[in-house]
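Chain lettering (A, B, C and D) follows the sequence in which the chains are written, and residue indices restart at 1 in each chain.
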Amino acid sequence: MSGLDYTRQEMMAIATGREIRDGELAIFGVGLSMLAGFFAQAHHAPNVRTMTEGGVYGATPVGGLPWGIECNRISSNATSFTNAIDALGFLVASGRCDVGIIGAAEVDKFGNVNTTGIWEGPIGPTFRPPKTRLTGAGGANDIACGAKRTIIMVSHERKRFSEKVAYISSPGYLEGGDARSRHGFNGGGPAAIVTTLGILRPHPETREFELASWFSFSNIEEIKANTGWDLKLAAGAHEAPEPTADELAALRRVDETGALRKKG
Amino acid sequence: MPHEKLISLAEAVRRYTWDGMQYASGAALPVGSDAIVFGRELLRQNRKDLHAIFHCNTQQLNLLAAAGAVTRAECGFSGLEVFGFANGLRRAVESGRLALEDYSNLAIPLRLLGGALNWPFVPATVAIGSDIQYRSAFAPDDYPAQKKIPMVTDPFTGKEIGAFLPLRPDLAAIHVTLADPLGNAIILGTEWSRFELSRAAKKVVLIADALVDTACMRQFPNLVRIPDIIVEAVVHWPFAAWPQSSPGMYDADEEHMVAMNKALATEEGTAAYIRDYIDGVTDIPAYLDRIGRDKVEHLRRSSTSFLLDPFRQWLLAAEEVAP
Amino acid sequence: MPHEKLISLAEAVRRYTWDGMQYASGAALPVGSDAIVFGRELLRQNRKDLHAIFHCNTQQLNLLAAAGAVTRAECGFSGLEVFGFANGLRRAVESGRLALEDYSNLAIPLRLLGGALNWPFVPATVAIGSDIQYRSAFAPDDYPAQKKIPMVTDPFTGKEIGAFLPLRPDLAAIHVTLADPLGNAIILGTEWSRFELSRAAKKVVLIADALVDTACMRQFPNLVRIPDIIVEAVVHWPFAAWPQSSPGMYDADEEHMVAMNKALATEEGTAAYIRDYIDGVTDIPAYLDRIGRDKVEHLRRSSTSFLLDPFRQWLLAAEEVAP
Amino acid sequence: MSGLDYTRQEMMAIATGREIRDGELAIFGVGLSMLAGFFAQAHHAPNVRTMTEGGVYGATPVGGLPWGIECNRISSNATSFTNAIDALGFLVASGRCDVGIIGAAEVDKFGNVNTTGIWEGPIGPTFRPPKTRLTGAGGANDIACGAKRTIIMVSHERKRFSEKVAYISSPGYLEGGDARSRHGFNGGGPAAIVTTLGILRPHPETREFELASWFSFSNIEEIKANTGWDLKLAAGAHEAPEPTADELAALRRVDETGALRKKG
């Protein structure tokens, strides 16, 4: 133990940020994903080329986490505003964007993401309304289809980790294996699912997600118990390094309103 | 000489809308630059059975759905970003009153692009291979859906990709930061898909936070992304996107965002919201009073205000711009 | 912090070009905002066998073709507007030294759009049904040409339309009015297809008439249509489009336009033009001397000069911008 | 005779301008076409909504005829600058533009236009280089495909009026009849060929161009002699009205450098 005091949310944001390399072209959504991305920029990837799906370039959030991509907290120091076709189309769906961070309400063992709705049981042949309607795919589908790799951030609860999602809002590896190659996507699929408990990565052939790392405060059993499929251990699975003092300081500079610091 | 196009909000809704129409609005992502005052007037004039085309859901669609004015909608995203799920829209979808056809945030502007170009279809490399392609709320028994995003064969390689149906809404009510009386418009902040929407729609009405002299447009022609020749009418309405934001003009009213969404979660709350914030709030002074004059001044002190500075010298005063 | 990207013209050509490459440039219609100084340097460095992608012919393509540096070209328009036929290009085409693949002025930007989106093909409702579709200079024996603009079946109606092959040039040298040292750019005047080109090209080098501080970009982010994240390098070169125009900066040099095109009509004239206006004219002072300092001042007094006024306060002086 | 002194070029510009109706969305090319269009605006169509293919809106030329669409003479008082996809795509190829004026080096009896090259004899199965390379199609092809109707302006010389053009740069009615409908065009085709001698219009069924009007200084025989196909007389053919004093004054205000006044 490093002796540093940090929350699970902070660990998730730092672990996600570690996936971003310097110089990459990266797209962040609103909320956690943006904090993780700007943490990477503040810590180890000063030349990351960031954008939002609205075509906001050169901006860093000021005065707190933006409440939306159009938020004035990120519109107040941009160098360029263009549009959705530019950001999500020319730069992401084209296959040009190196990495995108997306969220999930529910994810399955092939990294398919559901953010559309919760149904009781399978939907069936008729598309009946969900019991609980969620937000829909938004730009996450476009990132999932087009970015060279995606990182999925999701709170690690059993109900969110399903054998098969009820509705694929954003494609991971679909039915696994090379199923993605049957479609016209320009992107490569999810490289990691980073959770509040650990990091899952796809098996290189089956594309089934396996446990690659646990955090110092979690363990294999806890993670398996909170995963809705029979989670395998990846070759070389290990405990993820704890946040360094530098990492935590960088994250907290970005998360100036402490959105991640509430223990949960 | 070109005609001036300034008309009142009520007149714009009377003249350019009807029950059952395809109505496009929204604008820049869920919580910014939304022409929501047009939606408020749609409710005052009791328009119904609307087919809404919103790139993203906004408080406007949330409100129209809560009030039962929309029966069909097409969206790329249907939440309210960090303000959470859109309770009014959600209630309408879950109850089956509103069929929500899901797309992605790139699919919608590409469909608008295709409508603007009058293409029969638009190539799709996103929104395919997922349930966005296979599930259709407009044809719920067609599974996997064959007509929503069919496949098309690339003649160069023989490979298949998807094909989107282009969009050509009957009307787009588009929020802009600045307009001149002829209908030229400047947008500050991301365009999102307002450029493509303005060309795809059969008719365009601008909802402008402020009016400027045409000399402003001649000084900054590269900023005029919506030219007068495609605009039917201009409605001037300050704080037109409230409680959402307008870069350069005002911040989001976070308190009202939350309260409004909470109200729209129930029938009763929605009725109360309409009574308190829509019925009778028919002119600009009453509207600004309803927001609260102190709140108005507070929201105006945005960290983005400097974006408006180059244009302030051309702002038209209220008495110059009465339609 | 992002890197500064200012490099010299010679370095840009050394680093980003090679014989046989797909080179895109040109810019805003035949006689405006053409990154021709980049083409002059291509000749100084003796690049050859270029495959030129020019939305329209310009004096740059006219010059490169006259000098024998281009063997394949794709264009929507190959004249010089009121300056008539492009004699250098014409001579190269008529002699068979250069294969010119004809498109239309909409076909080229749609092909760039398709390249930017990485689509396998782009729907075509223009340039079909004519010899633009049936005749291919790149496959002269294929008649009617089957592969240039093949037909594709619309999955919604079963009807056929055309399909363009997307463009993804190896490099685009793009003329912009103002750039900052990071690579953000402002264009005054029509964009023509510089927005799409900047996204379709594998690499982008900006050729800027003037440099400004990044604060200018933060004041006018909606004008920054080419953001730094897609730009490799920035070359500062005043009067970079001469003898063509740059709105806000300078007018066309009509006298030189005519004289240059006349020179390019013959081998001898071309050799003389290269000797007098290209060889040895390797730095900015020599270049402005060659134009003539009086002429420079005259061309600068453009009726469009007012378009630059809002940006003058951020212009960087020459000593601040040496790479 | 009106007693007014004017040139054939001026008559052609006025006759073309008369084809433009008030309020229409219209696209003009550079040169003669722009003079004809702005003459219409100055004279009888004050609300014509003009554009150039560069996406230049709200502008009128100042200080002389522009030497190009990008010319500072038309960039100096525009209200909007956008781009080529906007003007030629969204507004023209879409079928939205009411009328476009295009030029021709050679035109045939079905209104097909060649601006690409002059070959000796038919091109044949191999696409050999032309003896004289011309300018190519430019935006004229897009206007010919997409505008609701087009007006073709061309100097009336026999070598320019062919039974069949060597190369179709911009489609008229192709092989005539309903041949256009076999393609995916959104526009209607040429409504008139206005020349230095008269006006030709398409037969409503065969789409072959016939002589509809001659000018006061020309006559049927002269026109037939200068046309490379057996030119028929349209039903109701008549002499075109001479320019009025108002028309001529309006044209000369637009043509301030007198480009059309040189007798030719």
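Everything below uses one rule, namely that a residue touches a chain if its C-beta (ideal position, glycine included) is under 8 Å from a C-beta of that chain, and two chains touch if they have at least 3 such contacts.
Going by UniProt, the chains are B, C = Glutaconate CoA-transferase.
Values in this document were obtained by computation on a predicted structure and should not be read as measured data.
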| item | value |
| --- | --- |
| Contact-richer chain pair [C-D vs B-D] | C-D |
| Averaged-CA centre spacing for the pair chain D and chain A, given as whole angstrom | 57 |
| Centre-of-Cα separation between chain C and chain B, whole angstrom | 37 |
| Centroid spacing, where centroids are CA-atom means, of chain C and chain D in whole angstrom | 28 |
| Where chain B and chain D are represented by their mean Cα positions, the distance between them in whole Å | 40 |
| Residues of chain A engaged with two or more neighbouring chains | 81-82, 89, 93, 184, 186 |
| For chain B, residues that touch 2 or more chains besides their own | 117-118, 120, 125, 159, 161, 188-189, 191, 221-222, 307 |
| Arrangement of touching chains [line / ring / star / complete / other] | other |
| Inter-chain touch pairs (all) | A-B, A-C, B-C, B-D, C-D |
| Chain C residues touching chain D - in the complex, by the definition given at the top | 28-33, 55-56, 75-79, 81-83, 85-86, 89-90, 93-96, 100, 102-107, 109-110, 113, 124-132, 135-137, 140-141, 143, 159-162, 188-196, 245, 247, 251-252, 254, 257, 302-304, 307 |
| In the complex with chain B, residue positions of chain A that touch it | 30-31, 53-56, 62-63, 65-73, 75-76, 81-85, 88-89, 92-93, 112, 116, 123, 125-142, 145-146, 167-171, 174, 180, 182-186 |
| Residues of chain C defined as touching chain A within the complex | 1-3, 116-118, 120, 180, 182, 184, 199, 214, 217-218, 221-222, 224-230 |
| Complex contacts: residues of chain C adjacent to chain B | 114, 117-123, 125, 147, 150-157, 159, 161, 163, 165, 186-189, 191, 219-223, 306-307, 309-310 |
| Contact footprint of chain C on chain A as seen in their complex | 25, 46-47, 49-51, 57-58, 77-82, 86, 89-91, 93-96, 184, 186 |
